[in-house]
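Quick one: this structure, given as structure tokens, is what I'll be asking you about.
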Amino acid sequence: MAPKPARSRSQAEKPTVKASVGAANGDDTVITALKLADAALTPAMQAYFDKCTEKLGFIPNVLKAYAFDMPKLEAFVAMYNDLMLAPSGLTKLEREMIAVAVSSHNRCYYCLTAHGAAVRGLSDDPVLGELMVMNYRAARLDRRQRAMLDFAVKLTAEPWGIEESDRKALRDVGFQDRDIWDIAAVAGFFNMSNRVASATDMRPNSIYHGQKRG
Amino acid sequence: MAPKPARSRSQAEKPTVKASVGAANGDDTVITALKLADAALTPAMQAYFDKCTEKLGFIPNVLKAYAFDMPKLEAFVAMYNDLMLAPSGLTKLEREMIAVAVSSHNRCYYCLTAHGAAVRGLSDDPVLGELMVMNYRAARLDRRQRAMLDFAVKLTAEPWGIEESDRKALRDVGFQDRDIWDIAAVAGFFNMSNRVASATDMRPNSIYHGQKRG
Amino acid sequence: MAPKPARSRSQAEKPTVKASVGAANGDDTVITALKLADAALTPAMQAYFDKCTEKLGFIPNVLKAYAFDMPKLEAFVAMYNDLMLAPSGLTKLEREMIAVAVSSHNRCYYCLTAHGAAVRGLSDDPVLGELMVMNYRAARLDRRQRAMLDFAVKLTAEPWGIEESDRKALRDVGFQDRDIWDIAAVAGFFNMSNRVASATDMRPNSIYHGQKRG
Amino acid sequence: MAPKPARSRSQAEKPTVKASVGAANGDDTVITALKLADAALTPAMQAYFDKCTEKLGFIPNVLKAYAFDMPKLEAFVAMYNDLMLAPSGLTKLEREMIAVAVSSHNRCYYCLTAHGAAVRGLSDDPVLGELMVMNYRAARLDRRQRAMLDFAVKLTAEPWGIEESDRKALRDVGFQDRDIWDIAAVAGFFNMSNRVASATDMRPNSIYHGQKRG
Amino acid sequence: MAPKPARSRSQAEKPTVKASVGAANGDDTVITALKLADAALTPAMQAYFDKCTEKLGFIPNVLKAYAFDMPKLEAFVAMYNDLMLAPSGLTKLEREMIAVAVSSHNRCYYCLTAHGAAVRGLSDDPVLGELMVMNYRAARLDRRQRAMLDFAVKLTAEPWGIEESDRKALRDVGFQDRDIWDIAAVAGFFNMSNRVASATDMRPNSIYHGQKRG
Amino acid sequence: MAPKPARSRSQAEKPTVKASVGAANGDDTVITALKLADAALTPAMQAYFDKCTEKLGFIPNVLKAYAFDMPKLEAFVAMYNDLMLAPSGLTKLEREMIAVAVSSHNRCYYCLTAHGAAVRGLSDDPVLGELMVMNYRAARLDRRQRAMLDFAVKLTAEPWGIEESDRKALRDVGFQDRDIWDIAAVAGFFNMSNRVASATDMRPNSIYHGQKRG
């Protein structure tokens, strides 16, 4: 692959996102601590990026971070979209709540910012997003959602300790086996993403911070 | 003391704060999980509450939570105001940054909400507040502020391990002995307040969430 | 404020406390690792120090450590005396037991020494003080005191995990809401004091070590 | 999708793997604790399963576990094969070493078994696999591989604490930025897989245990 | 005692153990990181070493490591043989299972290797040994053995938290008081041995790795 | 063995130790939570017990606890006496300091009481014993003793993390390889004893508490 200018120095989207000042300064332009030259987008990925720009007004930085290598980007996008958007016994909001509660345990700046905004947006409840970021135990959740997050956070903190009694606690509040898979898979995915983001100092698009604040 | 209606059921300030819906629902009316009848405010405390209403537009819930007992409220107010507002080698913003970084370690909903808003306001930088809530290590801080927060968070996480080398790290970036006291005292204070808040399920005024979001 | 000789080099009380040899050597003269000049005592604080000398025979080093700044000293004294001495559903001994169990978790030399002596004195039981220092779980406590210390120590170790079930455990052994506040407030206070002491290497008056040993 | 017999009760491969007795009894037939009906394999996945049978003599249980849903299976396979088999500055053995060291921290029975066997096979060194399972710090590694595993395990244990100094330690032993990505991505992937496996009690094919024992 | 060549450079047994290559290289010749000259074996210890050679075909490295001092070697052998071989309500296999589960918590290369082989041998079940090394919670154990290991591992991880309820859990599955002593004593012994081995980088005889692999 | 009255109900030594009241009540008569009948003392052990009575005025409860089985008692006594009393590069006081610092990490009531008294006695410094119990980091130790305790406590807290650099830190302050063994062996021994004591709720002779208090 012919080396290209690193995505981190890319100017392409500057017109759509105003330069941030303050603590987010640079977050929109230097996306990770690694200097990796952008690969040429495949047609599928170009279409996906175009769709992001059209629907969101920007391309999430995580996608730009993966764009140095098309197979990696495509695998990430395929898994992410299946987990977070495909039909499931969990609502999209519930999946985002898991994402944020897991990311809170792992204290991941990128994921807390991007998915905190998603919780605020999907719930139309700015404070619910804050609670997932700060301490999900302080939220007034129904038994189902509380059991879901307890499982996801225990799986994050001490995966070696998950046993049948933990699965039973999910079944007791109505989750099916397929739902248990989905809880585990979303929690697992963010345990992966939190670590890729932390390892590379990935920075979230600054636009997330102000979204859906009420 | 003659029993009075518990502060948590008090209607007095309703006019100034709209009822919240969503996850913060009830946070402005049922302030803690404990039913403690309000004591009569002393003149000094009445004046202080009036000043809060005048300057902030509301009375911080922590003050209402302590208002079941005037000596406790007065001691809390005296210590808080001295630590956070009196002259110090630390700026008010730095003291609030310590407050939030400590509260993040302890995952305290009340303090992260109230003092996160304070960091946003004093810095005029909404993202700085988010970073203190999420993971102060991800913020781009100068060496002085980074050393300050490293000390405060180590003191929070493993106070038994603080030694001369930790104090030296503060002196190496220019802090004086009086500043070291102030860092310790602010970090210590929020280790206290986080625990009083968590023990009582103290809820922050919902108005904080939207403040200074940019 | 005109600089004065640092309290840590003060000679004032030497006549009443014999010079220690061994591991406590210097604990009575160099009270903290910070060089902070004593402020002039306010009349109220002078009276309080005089009362300490009269009743205890010495001034607790924590008071000398705070004496570089009168508002800080006064706030500390006001809060301490309210918490530990004012009327409460908890006995003074119970409050000291919380102080020591919390300080044991945090391994605070100053507080374990000073408040370990207080437990020995108030209980007239030298071993009870030792047990609070070493491992409160090994003490033969009644259900009420055991629940009280379990709450205080969990609040110390993982404040984010305190929930309604923890408060219920206190109510189940007879504690009222006001008592729950007091348990939380005392545990919180020593989580503060442990950290101020550890941050500054505060040394306890050597006289405590031998007090009330039976 | 028409319900089919759950993969966990599938008889299809029995001829190629003898029934285990002892602690692995059932590991080849009841693959997870969840009852999820197999989906029809897509042609691509059928071809992939056939290739596994041809090259390995069996189908890894993790693939059967994902086979209840083709998009999930395909996303998993795509990401796994890219990470572990595509060209990289890390050898395949190094990637497997990361897999096992991460899985050791998380104490994941499935991944330690399957990837422990992979380390034994790729290195032709049975003891290297054991060391990755037991404690990678006890292995006599060169500086490069030791730094690689230190990063991966710190990223696993405390992702919030990874900073530029950690990346520098990798660069100091010769890793390029692309290599750092790969270390992070492999470590991240197994933090995901460990959790999916632990959440579902996924059981490894019993054949792994005896492979490449020397 | 006349200095002799350090056991670590001893050539005596080379004929019976082939030189290892790979990760175990050197484990049979440089047994610890400490250079301690062998003492002359007492007649009792000479007889014991001879018996090891006769029955096992080799002398376990831990014995060679202790052989710099006869009283230490004799005390270790006496305690080990009593605990692991004398009559007990626990089978020899159960005692080895405790040994490995404890050593897994402590991630001790020596003990996991030597006693993992013992579990494989005594149980005639290679996978049971692997499960004890990797995560005993993933093994399909009966209630008695599970309770036994839960107690041993809790005693390892947080000895301060063992209380009457933990002993009751053992009694509830049929253990007598003498059995509880034996569980505690074996768990305690390996908490000692794990630490002596880790402190000295003790290396297991390479022959263990391939033993009883099925 | 013919059942005999359990040692815990034994009356034999009552004349020499006055009944305790308060928190130590019963510690001299019900020594553990296990009911194990005393075995007949062997002549060697009878002589040893007689010697304890003669030199100490009492028999340490740990010996009575082991006295249900002579081989166990003899093995314990042999190992203990070798480690703590035989010639070593470590003084007897240093070995007791390790005992207490390790027992402090593990919060063992029995060992902190008995060996805390030993530190006070051997050092003729009551406060040194207190510091080992409370937080050895707060003691003013020379570099050698500090390095010794740092090694012992790290070996206690995270034995998997001990490496050559830790041994080097001991050599840098003058310890020989034989001394390193002794530090490890004493630290290891108390990691065993702490767990046997905690598992059985072993109670220290009440006489220790008041010994050598200055």
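To keep things simple, chains are lettered A, B, C, D, E and F as they appear, and every chain counts its residues starting from 1.
As a convention for this text, a contact is a pair of C-beta atoms (placed from the backbone, for glycine too) under 8 Å apart; a residue touches a chain by one contact, two chains touch by 3 or more.
Since this is a predicted model, take the numbers as computed values, not measurements.
Common neighbours of chain C and chain D, listed by label, are A, B, E, F.
For the self-contact between chain D and chain E, the two sides draw on mostly identical residue numbers; the shared fraction is above half.
Ranked by distance of CA centroids from chain F, the top chain is A. When chain centres are defined as mean Cα coordinates, D lies farthest from chain C. Centre to centre, using the average C-alpha position, chain C and chain F are separated by 29 Å.
Centroid to centroid, with C-alpha atoms defining each point, chain A and chain C lie 45 Å apart. Centre to centre, using the average C-alpha position, chain B and chain C are separated by 23 Å. For chain E, residues touching at least two other chains, in rising order: 107-108, 135, 160, 163, 201.
All chain pairs that count as touching, in label order, are A-B, A-C, A-D, A-E, B-C, B-D, B-F, C-E, C-F, D-E, D-F, E-F. The touching residues of chain A, counted against chain D in their complex, run 33-36, 68, 71-72, 74-76, 78-79, 82, 86, 106-108, 151, 155-156, 159-160, 162-164, 167, 177-178, 180-181, 183-185, 187-189, 191-196, 198-201.
Only residues 20-27, 104, 107-109, 112-113, 123-128, 130-131, 133-135, 138-140, 201, 206, 209-210, 213-214 of chain D touch chain E when the two sit together in their complex.
Note for the complex: chain F touches chain D at residues 160-161, 163. Residues 135, 137 of chain F are the ones that touch chain B when the two sit in their complex.
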